Structures are given as structure tokens and as C-alpha cells.
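Multiple structures follow.
Paired with chain B in one complex and with chain C in the other, chain A is shared by the two complexes that follow.
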Partner chain A sequence: MAPFFILDQVSYCYPGSLTTGVCQVNLVLEPGTFLGVLGANGSGKSTLARLCCGLLKPTTGQVLVDGYSTANEEELRYIYRQVGMVFQQPDNQFVAATVEREIAFGVENRTLSSEVIRQTVGLGLSYFGLETLRNADPHSLSGGEKRLLSLADVWVLKPKLILVDEPLAMLDPGAKQRITRFWQDLRDQGQSMIWFTHGLAEVLSADLVLVMENGRAVWTGPPGELLAMPEQARAWGITLPPATEAADRLGVKEPVVTNEDELVSVLWK
Partner chain B sequence: MEINAKELTVVFSRDGEAKKTALSGVTLHLKGGAAAALLGPIGSGKSTLLRTLAGLIKPTSGSVTVDGGEGPVVLAIQEPQRGFFAATVREEVAFGPENLDMEAAEVAARVDWALTAVDLKKERWTVSPFQLSGGEQRRVALAAALAMKPGFLLLDEPTIGLDGPGQTALITTLRKIKAETGIGLLVASHDPDFLFSLTQRVLLLVDGRLAADTTWGGLVEKVDTLRAYNLELPFLLSLLYRLEAAGAPVAAAQESEEQAWAELNRFCGERMKGGSGP
Partner chain C sequence: MRSLPTGQYIPGHSFLHRLDARAKILCLFILMAAVIGAASLWGYALVLVAIALLVLLSRLPLRSAVAPVRGVYWFLLVIFLMNTLFFGGEDVLASWGIFQIAPAGIKQGFRVVGNVVLILILGNLLTMTTLPTQVTTALASLIKPLKFIGVPTEDVALIISIALHFIPTFMEETELIKMAQIARGARFESRKLSERAASFIPLVVPVFISAFRRADALALAMEARGYRNAKNRTKREKAPLVAGDYCALMVCALICLVQIFLRP
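Let's turn to the complex of A and B:
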């Protein structure tokens, strides 16, 4: 049996552009993996995300989901059902006139049962705190409300692989915590996920981290190892957790801390 | 330059839905040469307030007046890609200054300065702003605002999408122009660490109302209010607060990033010399 998700020497050049979007990236994912993709602005994260969901077709190489290729139009229809993507800019994904219709849109494409649709949409609205906005035009929402809607959109579809491109941007601290816990629960249930960001703190619990630089995958390893090389991580444009930065500046070398609790107990023990 | 907002109320009406009061009786006096942070939960009215102050929304009631000083009131919007229209990055950034009747040579110099200030790679200056990554688009939008030589700069979530070097470049630039030009700043953000590094005054907006008008030190005293709205202190203040609560000899209510570091360094220094533990 072929592994569930494969990037095989994937490259992408934007038409008419001199810079490479993504260059010869290889990756094999087992089901249930949480992968973090890190890198500076313009390093190729979002391009890679669009390649992974089939929105862009590789210039060379191939992207395979359950053995199906995104390069093949017929197989792509299968892939669209398996891979869900939360875009960096939520506006780009909205198609419907109201929040409720927006969440229902994808679900309606998959089932004919109006009862199932109603229930699923109701759950999406309540999980993401959007009930009072159900009749609002998605484009009139505040930034954070748009982000929550874009997350709800994908969550209700229960795709096998979820891609999230800076999913915490535009959220307030309370919503950040809620959504982080929410992904953690999904993960515990075996959800496969790829999380694109430049903040290491967001992907500390990832099984594996891939670092992009100028379109290339330049480093792969567990997030803990990246923490142990702060100079290099910063040079790649990656932001370290604030507690790690503060500990570094205060000259705390051991142990490596990643959050406030740990730093408090190191400083006042 | 000063901005005075008096009893600002903004009511939106959505089709088939009850009216939404996004701002409710907000009265504010913003001074030139000072930097204020605008904190508040999702949907609390931050963007609406900034857009009203910039004259992009006409308030349902109340008024905004701008007094004295040179240069326009400029807003860098929350979703940069929504404002783009020009064929190249350079033209996008040049558009504002050109409309201010600057000389061509001065416009060109302004554009160079602004794009350098946000640390956008030079090879990206001549491409379409639509063909950029998210963080690159943010840099262009910020450069476009900076290039206008604002007398007052309103920034809506300026760090979203910016990587570490991008944030550092922005902080450095804003500090520099603040020191050099006496510009006024109002910055809305969900990133308290960024706000702490740049501002002295803190405005807390909740449900369209001004719930607090204080300083960072003052906010530490109000930490319970903050938590009630699911908001957080900047990391350094939160750390000091936790240490203080655990009985460590530190004072949490610090007014600036520099002061917070000084306090932490003092505390750590004394611990090294063998000060007592808990």
C-alpha cells in the first residue's frame, strides 16, 4: 500500500516570475502525522500549501494523496475531498452570501440529507462562536471573525488531511488558546495536519518540522532540535517562543524553556 | 498634531439582521508625538474606530477633529491585499506621495526609503503587489503608509503575517520616525508584545466601548479585567507579574519594555549573587 501523502521532487515556478516558488521538495507522511512547515516571509510556505491541496499543479515532480496525483484532473476531484485548506487570507476562500450559507456550501456538495447538513452547520456555528453572525455577509466580518469562519468552513468537511496557513493570525489571545486546544483534540483523534507558520511556538507539539528557505526544504527534524539551535532558527526568519527568547537574553542556558511556567520556575526556584 | 474624537458611535445595518453597534460613545484625545496601543477582543470595534478616525467611515453620531501639525492622518488597513491596485510595488507605494503633490524626485526617494524601512527584498520592488507572499504584501502596505509622511499614523494589526526580521524592521522604523518627527501613533493589535515595545498608553476597547484608558503599568493592576475578556499582558509583564505573585522581590507594574528588562535583569543579577529563594 502506498503511503497516504507524498511530495516527490515537487517544484513550482510562478508563470512569468524569475523567483522559484518551491524547489524540489520531498516528503512522505504517515496518517495521523502533525507536520509543521516553518520559514521566513517569501520562503515558499503558502506556495507549498497550495501545491499540497491541488490548487497549484507542480511544474515538475508530483503530489500524491492515497496514490492519486494532483496533476490529473479526474484524480483531483478525489483529492479535493481528502484535503481541506485554511488559507492565509480568509477572504480568498469565501463564496457564499451569509456565514451560514458559507459553512453549508462545502457540506451540501457531499451529502443530500438536509438533516445532516443542518446539524453539521449548527455545530460549526457553535464551535467557532459564530451563531450571532449567521446571517452576516462573510466579507463584512471583522478580521478575527473571518478567520474563525474560515476554520469552521474546513472543519465541518472533516477532511483526511487539514492544511492550515497561519491559522492563529487575527485571533485574540482567548481564541488562540481555544483553537490551539481544538487542533490538539483533533490530533489526538488521529487527524493528519500540516501547519504553515513562521512561529515555532505554534508547532512545538508537531511530530516533525520542515524549514523552508528560498523555496527549498533546508532542514527537517523534531521541533525540540530547532529550539536547541536558536541562532540558526532566527537566521531562517523563524520566531522563537517568547519564553525561549527571554531565557536566552537572561543567560538561562539550562534547561531549555518554551513557556512562561517553565521560565518562572527556573527564575524563582 | 492632535486627534479629538467626541462621543463616536457607529451603527452598521446588515440586510435581514438587527443593527450592529460597533462603536458606542467613544471619546478620545490623541496627542502628537505619543504612541497608544488599541487592545480588545475580536469584533470589539478596533478596526471600526481606526477607520472612523481616518475618515473612511462617517460616524452615525459624534465627531472627529484633527488639529494642527503637518502631514495627513494615514491608516494602514488590516487586510493589506484589499487596498492594492497598482501594477508594481513601486507604483503602489508611490501613489500616495504623488497625490500629495511631492516632486517626482522626492517621491522616488520616499519610495526607496519606505521599502527599505520595511526590509522588502529589492527584487520584489518591480513585481505586482498581487504576486507577493502574505508577509511581503504586509510590508508593501506598511511602506505605502510610511511613504506618505504621515502626521498621524493609524496601524491596524501591522504585524500579521510578518516574520521575525519583518517585525524587527517595523519596530526599528517606527521608533526612529517617532523620535525624529513627532508623529502620533495608534496601533491596534492582538500582539501585546509588539505593542509593549512601541507604545506608552493603552486603550482597551470592549463591545465598542472604551473600557480602560491607561498605561502598561496601569494595565498590570487591571489584569483581572483583562483576563475576563480573554486578553493577555505582554510576555515580560506577565512574567514579572507571576514572579511577584510567587513572592519574588520584583515589581510587576513596569511602564515600558526597557523598564521591564531592567527590572528582570536586576532581579536575576541579585539571584546570581546568592539572593534568597522562595
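Let's turn to the complex of A and C:
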């Protein structure tokens, strides 16, 4: 399959800053790929996410979506339709006063007919189980519900690629499980996705992982390989899955442990 | 005992709750004109009866309906004194320098205080029977004619909606910042006015920074979801006004007309 998303020597320098936010990052994605972008706070993950969806324009290099460049103002409208972004803080992205109107906001920007908008919003509400909250104020929802709503906001737009910035941060275990299930469903449907996080456990099922450090892409490979080098992962500021961390502290090097069951089984042997 | 809510929406199914928000806002303006235009005892009796009827139709407790008046006693006293002392007129009863007490001034004081009280009750009835979202949607709809004189009404409507929507969020955030500063020894309850004013400066800065950060994040999120300007969006279909809404508007217009005839 032909790549539909390309980062070509992308660099970005914040105005007035001496250091580069992102430095010469290269990436080629085929449709259906799940990419995890890992790194410590301040490593350039969020800047890269904004570059990927066209909210920031590269200082040098180019971001291409289906051959369209984010640097071209006229092509941005097309890119916004192809790339959806779920931001880290749901509270900061809510525009409307009710859940229903919040989901409708993005669809209304596409000047579709009222009937299509009604159907699409209805679909979003039912898929994410938000029907009973349709008239609720988005800011009054629980943390988990806010995340679901921010995901629904983007899901109804049916983008080819979804970018997700730390989607499980500050959630309780129950909410995390609920949200993860929706993400897994999307993955099963072949949704292309780039997941920005510092926790390796969140992207264990990714096809590929890219590690960022000081704005540079320092390592690319399958997540399994990163699990096998815990010392280096820690040095990059990546949080290892708790079971992997425990196994490493106990001196278990082989086989690589990813969850509690595997750890128990290894220890039992 | 919990204090009665002022201006906060109280869910219900009364006639006033069921009226379209656009009709309610228009009725509010017409009745405000009737209140301001009242110039005789009969005129005031008319608007007083109309407001009493509205309170009955809203099925709200009388104490809730008049709650905002209780919070502004001092304000009412000040405007009464200002009108009484500065209005002047014939048959001066007493005078001290520039201050003069005359029957016309006292009458004017009562008149202005009466107007403020009645308008406060009317506004309160609107907000207690209408959801804030309905108010903003109705406002957006009502300002539409301004489009013909070049006002970007869709953008204005969106700005009003977002601004109103973020008020509770900012209040909550301000409270959190205040708590955090109290926990670190800040004092907001000082008896000295100067000390109290000074203590709020460290509160204002973080609140403003937070507001700008939020505005920036919101702008990015809107752009990422394809927002360019409010013009290039699908317009929401508005439910048409029904017979009850037209009746309410006609009755209010009638009250206003009668008020004109009652003017001496």
C-alpha cells in the first residue's frame, strides 16, 4: 500500500526560542498503521502532534497527507478532514454547551445537510454510550466521560488518521479500561492512529514505536524490542509497564514480561 | 439553611418554562419598556399585576422570584438617596449645600428604585425558567437582523456562547487558585480594604494566564475540527414559534400600549 502520511525532514522552532521543538523527523505511514510516539515530558511529542495535523507549520521540511502539504494554506482544509486530533486536556477543547452540540460542532463545519448532521451525531452518541448525557454540559462530565466525548468529537468526522495526545492521563483504572476498549475497537476496524504518550504499556499493540528525545527521533522499532532494553527506555524517560519494571528489578531478563500474568508464570517456573 | 438561588435555572414545566426563549427575551424587553414608561400609579399597578401574573405562571416560589432584590438593598438605598438629594424641584423641604430634598425628588427616588426592582424580577424570571444554552441560542437568533448592517452575527453568537459557557469554569478555576494560595498562607479575608485589594493581585495574574492558555488551546481545537469562520457552517434549524409564544408577545405588547395611554 502506498504511504499516505509522510514526515520529510520535519523541524520546528518556536518563535523566540533558541532551541528546536522538533528536529529533522522522518516518518512514513501506510493506511491502517498504529504508531506509538514515546518520550519524556518536553521531548517534543505534543509539538510533533500539532505538526502532524497542520496546526503548526514546519520551519523546514514538509508534512504530506495524501500528497497535500500542511505548509499550503489552501490544502489545509483537506488535511483537517483527513487527520483528526484528540487533545490531552478535553476541557480545553469543548466549544459547545451540550454534549450533543459539542459532537455536532465538527460536522457542522463541513456544511453538511441538517439531516446528515442529525444522523451522524446520533450515531456518535449511541456508539460512545452518551445518549443519556446528550443535554449535559461537557464540563460537568466525569474525567472518563470527557475523554469519551473528545474521542466522539473526532470519531464522527471519520478521519483517515487519528492523533491522540496522552489519552489515558489522569484517569482512574475503571475509566482507563473503558476508554482503552474503544481505542481497541477502532484499531480492530483498521483505523490509522498515532498515539503520543510516555507510557509504553499504552502502545504495546502498536505496529511501530518512535522514541523522541530533545525534539529528535532517536529510536524506531517494534514495541517488543523496546521492552527488551529497559535501561535505555528509562533513560529516554519512558514509563515501562509495571510488570516489566518488576521483572527487570527481579533480574528476569528472558522472556520479556509485559503483564502481571506473564510475570506470575515466569516466577512460578 | 440554604439561601434561595438567584437567577439560577430551576427545572419545571410551567407555562413560562415552556415558552420559546426567543419569545421570552422579546417579552422581557417589551415589559421593561412598559416598566420604564410607567408614569402614574395606574401604570405601576398595571405592570405590578402583570409581573405578579408572570410569577404565578412560572410556578416559582415568590421568595425565589424576588430573591435578587434582597441582595441589592444597599444599591437600592444609594440610588434612592442620589435621586432624592440631587433631583431638586419646587417646594424644597430641606437643603444642605448642594443637597435638596423636595417632593419631586422623593417621588423620583421611589420611581427609579421601583423600576430597578421590577426589572430585576423580570430578568430573574427569565433566567430561572430558561436554560443558559436556550438563552444564548435565542440571543444568536435575535441578533440575526444586524447582519444587514455588516455585523458578523454568527461569530458574535459563537463568542457570546463560548464566553457564557466558560464563566463557571473560570469561577471554579479561580476558586481552586484561591484555595491553593490560602493553603500557602495568603489572606483574602482581611478587614482592611487596601490589604484585601492587594491580596487579590496574585490571584488575578494566574487566572489571566490560565484564561489565555485556555483560549489558545480552544482556538487550536476548533481549527483542528475544521472551523474557519461561523459563516461556513451548517445553520441549525430553529423550531418555529408556536401559538402560545405569539399570545405572550401580543399580551406584552398590549400592556405596553395601555401603558402609553395611561401616561398623564
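Basically, the second predicted complex is superposed on the first by the 243 of 269 C-alpha atoms of A that agree within 3 Å, B and C clash if a C-alpha of one lies under 4 Å from a C-alpha of the other, contacts with A are read in each partner's own complex, and residues count from 1 in each chain.
Everything that follows uses one rule, which is that a residue touches a chain if its C-beta (ideal position, glycine included) is under 8 Å from a C-beta of that chain, and two chains touch if they have at least 3 such contacts.
Since we're looking at a predicted model, the values are computed, not measured.
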Open item on the list: Going by the contact rule set out at the top, does A:91 touch chain B (first), chain C (second), both, or neither?
Closed with: both
TODO: Classify the contacts of A:117 with the two partner chains as first (chain B alone), second (chain C alone), both, or neither.
DONE: second
Open item on the list: Is A:144 touching anything from chain B or chain C once the two structures are fitted on A? First, second, both or neither.
Closed with: first
- [ ] In the overlay, answer first, second, both or neither for which of chain B and chain C A:220 touches.
- [x] neither
TODO: For A:109, select first, second, both or neither according to whether it touches chain B, chain C, the two together, or no partner.
DONE: second
TODO: Return first, second, both or neither, reflecting whether A:55 touches chain B, chain C, both chains, or no partner chain.
DONE: second
Task: Intersection of the chain A residues that touch chain B with those that touch chain C - done: 89, 91, 137
- [ ] Can you check the complex and tell me which residues of chain A touch chain C?
- [x] 50, 53, 55, 77, 80-81, 84-85, 87, 89, 91-93, 95-98, 101, 105-114, 117, 137, 139, 153-154, 157
Task: chain A - residues contacting chain B, complex - done: 14, 17-19, 40-43, 45-47, 88-89, 91, 135-137, 140, 142-145, 148, 166, 169-177, 198, 234, 237-239, 242-243, 246, 249-251, 260, 263-264, 267-269
Task: Residue ranges of chain C in contact with chain A within the complex - done: 132-133, 136, 161-162, 164-165, 168-169, 213-214, 217-218, 220-228, 232-234, 236-237
Task: Touching residues (chain side chain B, partner chain A) in the complex - done: 12, 14-17, 40-43, 47, 78-79, 81-82, 121, 123-124, 127, 131-136, 139, 157, 160-167, 190, 192-193, 229-232, 235-236, 238-239, 242-243, 246-248, 261, 264-265, 267-268, 271, 277-278
